[in-house]
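I'd like to ask some things about the structure below.
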Amino acid sequence: MYLHTDQLINEIVVDEPDPAAANALQEGLSGQFGEMRTMMQYLFQAMNFRGDPSSKPYRDLLQGVGTEEISHVELIGTTIARLLDGSPRYNGKADDPIDEPGKGGATPLKIALDTGNIHHYLVGAQGALPVDSVGNPWSGSYVYNSGNLPLDLLYNLMLESTGRLQKCRIYEMTDNKAARSTVAYLIVRDQAHENAYAKALESLGVDWGKLLPIPKTNAEQFPEVKRLVDLGLQSVQYTFDAGNTSQAAKLYRGASPSNDGTELTTEVMPEGHPAGIAPERREEFSPGLDPELLALIQATAEVELRDADETGS
Amino acid sequence: MYLHTDQLINEIVVDEPDPAAANALQEGLSGQFGEMRTMMQYLFQAMNFRGDPSSKPYRDLLQGVGTEEISHVELIGTTIARLLDGSPRYNGKADDPIDEPGKGGATPLKIALDTGNIHHYLVGAQGALPVDSVGNPWSGSYVYNSGNLPLDLLYNLMLESTGRLQKCRIYEMTDNKAARSTVAYLIVRDQAHENAYAKALESLGVDWGKLLPIPKTNAEQFPEVKRLVDLGLQSVQYTFDAGNTSQAAKLYRGASPSNDGTELTTEVMPEGHPAGIAPERREEFSPGLDPELLALIQATAEVELRDADETGS
Amino acid sequence: MYLHTDQLINEIVVDEPDPAAANALQEGLSGQFGEMRTMMQYLFQAMNFRGDPSSKPYRDLLQGVGTEEISHVELIGTTIARLLDGSPRYNGKADDPIDEPGKGGATPLKIALDTGNIHHYLVGAQGALPVDSVGNPWSGSYVYNSGNLPLDLLYNLMLESTGRLQKCRIYEMTDNKAARSTVAYLIVRDQAHENAYAKALESLGVDWGKLLPIPKTNAEQFPEVKRLVDLGLQSVQYTFDAGNTSQAAKLYRGASPSNDGTELTTEVMPEGHPAGIAPERREEFSPGLDPELLALIQATAEVELRDADETGS
Amino acid sequence: MYLHTDQLINEIVVDEPDPAAANALQEGLSGQFGEMRTMMQYLFQAMNFRGDPSSKPYRDLLQGVGTEEISHVELIGTTIARLLDGSPRYNGKADDPIDEPGKGGATPLKIALDTGNIHHYLVGAQGALPVDSVGNPWSGSYVYNSGNLPLDLLYNLMLESTGRLQKCRIYEMTDNKAARSTVAYLIVRDQAHENAYAKALESLGVDWGKLLPIPKTNAEQFPEVKRLVDLGLQSVQYTFDAGNTSQAAKLYRGASPSNDGTELTTEVMPEGHPAGIAPERREEFSPGLDPELLALIQATAEVELRDADETGS
Amino acid sequence: MYLHTDQLINEIVVDEPDPAAANALQEGLSGQFGEMRTMMQYLFQAMNFRGDPSSKPYRDLLQGVGTEEISHVELIGTTIARLLDGSPRYNGKADDPIDEPGKGGATPLKIALDTGNIHHYLVGAQGALPVDSVGNPWSGSYVYNSGNLPLDLLYNLMLESTGRLQKCRIYEMTDNKAARSTVAYLIVRDQAHENAYAKALESLGVDWGKLLPIPKTNAEQFPEVKRLVDLGLQSVQYTFDAGNTSQAAKLYRGASPSNDGTELTTEVMPEGHPAGIAPERREEFSPGLDPELLALIQATAEVELRDADETGS
Amino acid sequence: MYLHTDQLINEIVVDEPDPAAANALQEGLSGQFGEMRTMMQYLFQAMNFRGDPSSKPYRDLLQGVGTEEISHVELIGTTIARLLDGSPRYNGKADDPIDEPGKGGATPLKIALDTGNIHHYLVGAQGALPVDSVGNPWSGSYVYNSGNLPLDLLYNLMLESTGRLQKCRIYEMTDNKAARSTVAYLIVRDQAHENAYAKALESLGVDWGKLLPIPKTNAEQFPEVKRLVDLGLQSVQYTFDAGNTSQAAKLYRGASPSNDGTELTTEVMPEGHPAGIAPERREEFSPGLDPELLALIQATAEVELRDADETGS
């Protein structure tokens, strides 16, 4: 069972709208090597896990990383929504062109025609979509779960490394601060997960030598990444286990396989950052309430929960 | 952010392996109207939600149902894995045919050739897959999130009703007790979610008359369903909100739109049921450890966490 | 603009339910070379047609064949629905097992588990689906419309011949009379369309020699096919043009390229055969009306159109 | 059976070529909520319809709206073709660069490289494609036909509303008059269809209150939309029934559920508007005839039908 | 550039037709981890290869394995075709039922209705298809080529191991000798390729310990596999380099990482085995020639090449 | 079995990087009518070929053209990689912005955001991808192999003509010399293959008149095409048969069906052109080796093959 808390796993820096950056981030959300994929892959691997009781640390490691990935989906999805929010009017368009389309032919959603993904405005309402950066929908065929433990671990190591590689490339595509704050966080967490799977394979006898981390990048020279690496976030793993019975720490311990001289540690979960509700976008008919319907909603919002309890129980 | 607890949301009754039932359940897991879809649809709707502050109850309702759906994915996925587990040897095949294939031409995985989905044995290792009952991979194109609140609610009502319809049909396809225990639970919870979206639309002025629930079925005469309906599970909604700030109860209250005379109530979460780790399946090379590797794993399992802490901190 | 008349383009012989035959027919409906594809391909080719005014006979030929294909979709779809209708109870199952599932564990839709396509019972309600015989959904990528007239005609000739080839193979898969009556009709009409495109290419100077028809089959020895060939249905083309301005007859004339000694002729449309409404299937919750809702429908049906007119105008 | 008449269901205003607008319209043609989808969904629902004889008005309503959608496919497809036609040379390119490519390196199709969909020039010949606005091919998996009447009606209401929402957004993306004339017409007709399904659900007891139409937009303030609404086109439904036996008027009658004070009425079909054949595009090799082949075509066009009759009968 | 020689890379043992085994082999041909995928992945990696001149051995290794995979596609495709060939008549059906379908209602392709993939008979003519064992078409999205050398090598190691795992499972599904002879050969060659990529990663400093080969199976106890392992085929790599300039041997040398005590060696190519042309299948209209067309073909075959030369030069 | 030689089938002229041209060429590589498709289609047709022994020339023709297509895949893939190589820095960007991202916010991969396919930089490393020009992955559903010889030949003729049509359109989209050198070569070779299939159908009695080549273009006036046509490359066919037993020359002989007055001839293979290894792209982390790993690679490269032989044998 899963619980949710109304907090984001990392803070999103505020910057201007940027639909091109938003579209690049879609690869990180729903691309073949994005967060939706890691999330579903690890949740399936944990559900279908086989082994004798001594293999519980491996199952718990998969479950813990998988649970973290749901929060990554939430983080990157919210970042995309913020990068899109308000973008049609961002560069000085008229204030309220929708109500008076005849008065000058304003086309409030014109930006959609030459942006990264027209669906951001036409199908969604300036929000994230479950598609990659060229518009391919996420596919269940991405999920790898052979049932063979060494193979699943090897795939996961490759998967996290590829995710980190792609995010390093996205970092180099945009200097929007909102985009970079989320991308930098995910670069560091992907390395933490690389460490997790590398360590699990170490427990099966592999010595990685100098190969890790992959990519062998100077990502730590990206300022936003460096700040997080200095905090040691690449060498801590969360269990996100509400019952705190996870044995993942039996694997995620000792010297980091990333050759950076740190020791690996585990925690239950990090501190969160408040989320919020995005404003209306009338040019998208979102949420699309006229005054009459809005009044009904406000009436509902004023319902005292006490009343509800009295009536309901 | 999300947390996990090592408990299933409902108990899975023990019965014989049944790969045909497992395949039918794949529709409920990863079909176009299955649990993976409801989960992702509501999580996207919650991330991309727009409105003035008075609309928070609607956002919280979506987030709460969405979080529950992750646990439904876990429940139905685990049920499929159990229905598949051991099925190749279930009808009296030789005990350990793998080690001596030359001694009589035994083909331990022959069952795969005429089962519902050969991938259950060939790609996975007798475990659930992110595909529907005819093998189509789950697709991101399933997710509906127009950003228009009345439309999103209307779609969600239709989605839950279709999910319930399909599960009623699955119920009629098999009498395997493990399959039916999970299907019955989901029939009842889908009705609870029908109620949720119907109620949200009631708050916008719709009067459903006698239309609900859809399907107008005698599902309550299915004994497993009746037991849960008698407990009132179709009229309670969980927030799964670890911070307990959800305002969903402002919508999920009052008389049930299902015309069954109950009053709707909300709770944080239900009591859970212990999960577990499935046994090895050597004919699948799963987990695929030989004695040497198994010994390494057992050594890891014996690591004292205290040691880990000493070394790691 | 299109009009519909409540008549099928050919009569469907009555026979027993046969879900395996129904599934084979899905290839003819929505396979890569089925009727949905020919229909959409020709409608796109007609919409996008380019040429000087003298090319109108080619455009009219495409439009006429395309319009006929909509009726073929209707014919084969209805045939599939009839082959599926009632199949779950066909071999002596109990009369009304749904209402009392606890009284003996009857599973009224068990047939779905080992039939051609489980979606016929789980997603649809014993009706046709827009998928091929292995469950792949129809795809817009099938449509070919290069804009180059010789190429489009060449493709269409190949397409009709492939459709005819596949239907000959389907004929050999089943002896169900309902299936064969529709398949035989389509074999003959596909040949009429082969003639149409072959003739259009003849007008551009090609001499087909003895190559046509493809496949070089003894299909005319299949009794149901022979009856229709004896009537000359392979050598007549309909314009389905309500305004009767089609110039397709300028191409579809003269000796048949099929080397059968007939002359080609055109007509507006054939005589039709009455369709009808299929009975309810309670095990599918289709149409899913309980007595209260059924009473409402019957009240609507009794509305006098005269009243409607009085009120509405 | 279906008939065609060589008339468009609405007039397309003449304006400049505009490939960006053409690409946005592709969503309306072949997107998940476009006209190809409504057309196929209703045709399947009509073919597979189940019920007792009193349910004929519902079947007839589905068949009538489905038939109208074929004409919508024709209208929007033709509009796209016109928006693309001639676009490569529109802004002052050399007259006939194809014949002399060496004389200056002109690249007559350069526009294709940074237009909405390069396939409009590379795969098609400046014509409509069966893909959405990001290039995804139309898929049979879009079609919804559960067989449960209330569910199918609910889905259809949501589908028409989503189609109308997306067309309102497209209206805001472009001020090209050709695009807007078609989009405005479809906004109004989608509302007529919203009314149709809402009314059918009213007959099952639902009271929609103030919810409709969805989206709650000021679309009626768009001048092109207002003109059609003033004509009452949102409150009339066509049967397109050549035999005139449709009973759809038993449902489509009485006060409009759109809260606009109109009464609903039915007619057989609207007056049409002449279509035509598009000019050649030599840079696309379309239709690709050299003088020799063109002479053959012209010879065919001069064939007297009388001759054909003499020879053919 | 590529050359072909009319020889198979391994001999296919003769056994009875077996469509179920043929379908399982489709996973090995065109599944996500089958031979078409390894072939295309390595050919893309070789084309797009980047590095300083010292990296040539890595490029040559990829090119050599990729070229071998084309021959594997040929081997497994031919095996599937042989397993299907004649299967409809295999169990005592009448000799020539096609010509006289009215004489008893014989349905010569009835087998297609309940075989692994109906397309083997309906779309193809008892031949291999580019689809996996559940009918999903091969997809370009399978190809992995990140451009990062350690990642590409890691992925390739995982890919070969997964291919080998799946083939071990297929071995356990069938005892058909034709199927097993090909599957056993590919199990051994996949191990040779595992060795290749493991060795390339060793050159970058990794020590695999006891992890390889994956799966840790007793595959060497399968008699057909054992025979080939005894010949050392798992420890030899071919360059298939007609120019013999490959430097792959700089990597593929020294002790096998499979812990089997062998030394790795390279050769240009193995000895081949004659292929052939399959017989006609009249029930498939394949090749579909009537006596007239066959006579034309035979006339062509009798053409003396000398004549051709005289005329052509 | 297949062999490779480290030579390209045609020389690629050197020109500036041009990602828009690269993207257009993707259609020729992996579009529905591109080289990957012709390659796989003919290889499947050759593997699954049926007929009596006299039909060997047809099988050999298919095998020979199919083998040539692998080299076309190599040629066009390499061309795309060269057009992309270095494009991010091509227009005067800073020399090495990656190492110091904080020093001015340079975004070395910014070009990716508004190029034809962002995946060229984000998923690949400035290399070719197995997708078409709008990003759709290549699909196995493209392959046509009915088993009916006349149909397969007819389809192949249409396929080559469509490929040639699309390449003529690509030629008109760009004047980049690297792109045009490859496109012009493929236009001419597609015509050679049109001739091959047209000739095979001539042997079955068809007379093509003036229809060929399709498209009826002035492509021979494109200077790069004219040069190759003057060399007669459209009228020669290679067998690529290392064993030189192909009988394709029995079909590919006599007067060209392209009406250009040439006689058709066959050869084993053309002379090749040296390929090479592309340089590193550090902004793509490709090949992603730091000094330590590079040193290991260089050590490997210095291994004497003689040593390898001594150790290995």
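The first chain written gets the first letter, and so on, giving A, B, C, D, E and F; residue counts start at 1 in each chain.
Heads up, the rule we're going with is that a contact is a pair of C-beta atoms (placed from the backbone, for glycine too) under 8 Å apart; a residue touches a chain by one contact, two chains touch by 3 or more.
If you want to know which protein each chain is, UniProt gives these names: A, B, C, D, E, F = Manganese catalase family protein.
For clarity, every value in this text was computed on a predicted model and none was experimentally measured.
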item	value
Rotation angle (°) superposing Cα atoms of chain D on chain E, nearest 5	180
Most distant chain from chain E, judged by the mean position of its C-alpha atoms	D
Pair in D-F, A-B or C-F that repeats A-D, with over half of contact pairs matching by residue number	D-F
Far-end chain from chain C, centres as C-alpha averages	A
Length of the line joining the C-alpha centres of chain A and chain E, rounded to whole Å	39
CA centroid of chain B to CA centroid of chain F, Å	47
Interface hub residues of chain C, defined as touching at least two other chains	32, 123, 135-137, 139, 141, 146, 148, 150-151, 165, 204-205, 210-211, 214-216, 284-285, 288-289, 293
Touch relationships between chains, expressed as pairs	A-B, A-D, A-E, A-F, B-C, B-D, B-E, C-D, C-E, C-F, D-F, E-F
Complex interface listing, chain C residues touching chain B	98-102, 105, 107-110, 112-114, 117-119, 121-123, 135, 137, 283-285, 288-290, 292-293
Residues on chain E engaged by chain F in the complex (per definition of touch)	1-9, 30, 36, 40, 43-44, 47-59, 63-64, 67, 70-71, 73-74, 77-78, 81, 123-131, 137-141, 143, 145-151, 203-205, 240-243, 245, 247, 249-251, 253-254, 263-266, 269, 272, 277-281, 284-289, 293-294, 296-303, 305, 308, 311-313
Footprint of chain C on chain F - complex, ascending	32, 136, 139, 141, 146, 148, 150-151, 154-155, 157-158, 161-162, 165, 201, 204-211, 214-216
Chain D - residues contacting chain A, complex	20-21, 23-24, 27, 31-32, 116, 133-136, 165-166, 168-175, 210-211, 214-218, 221-223
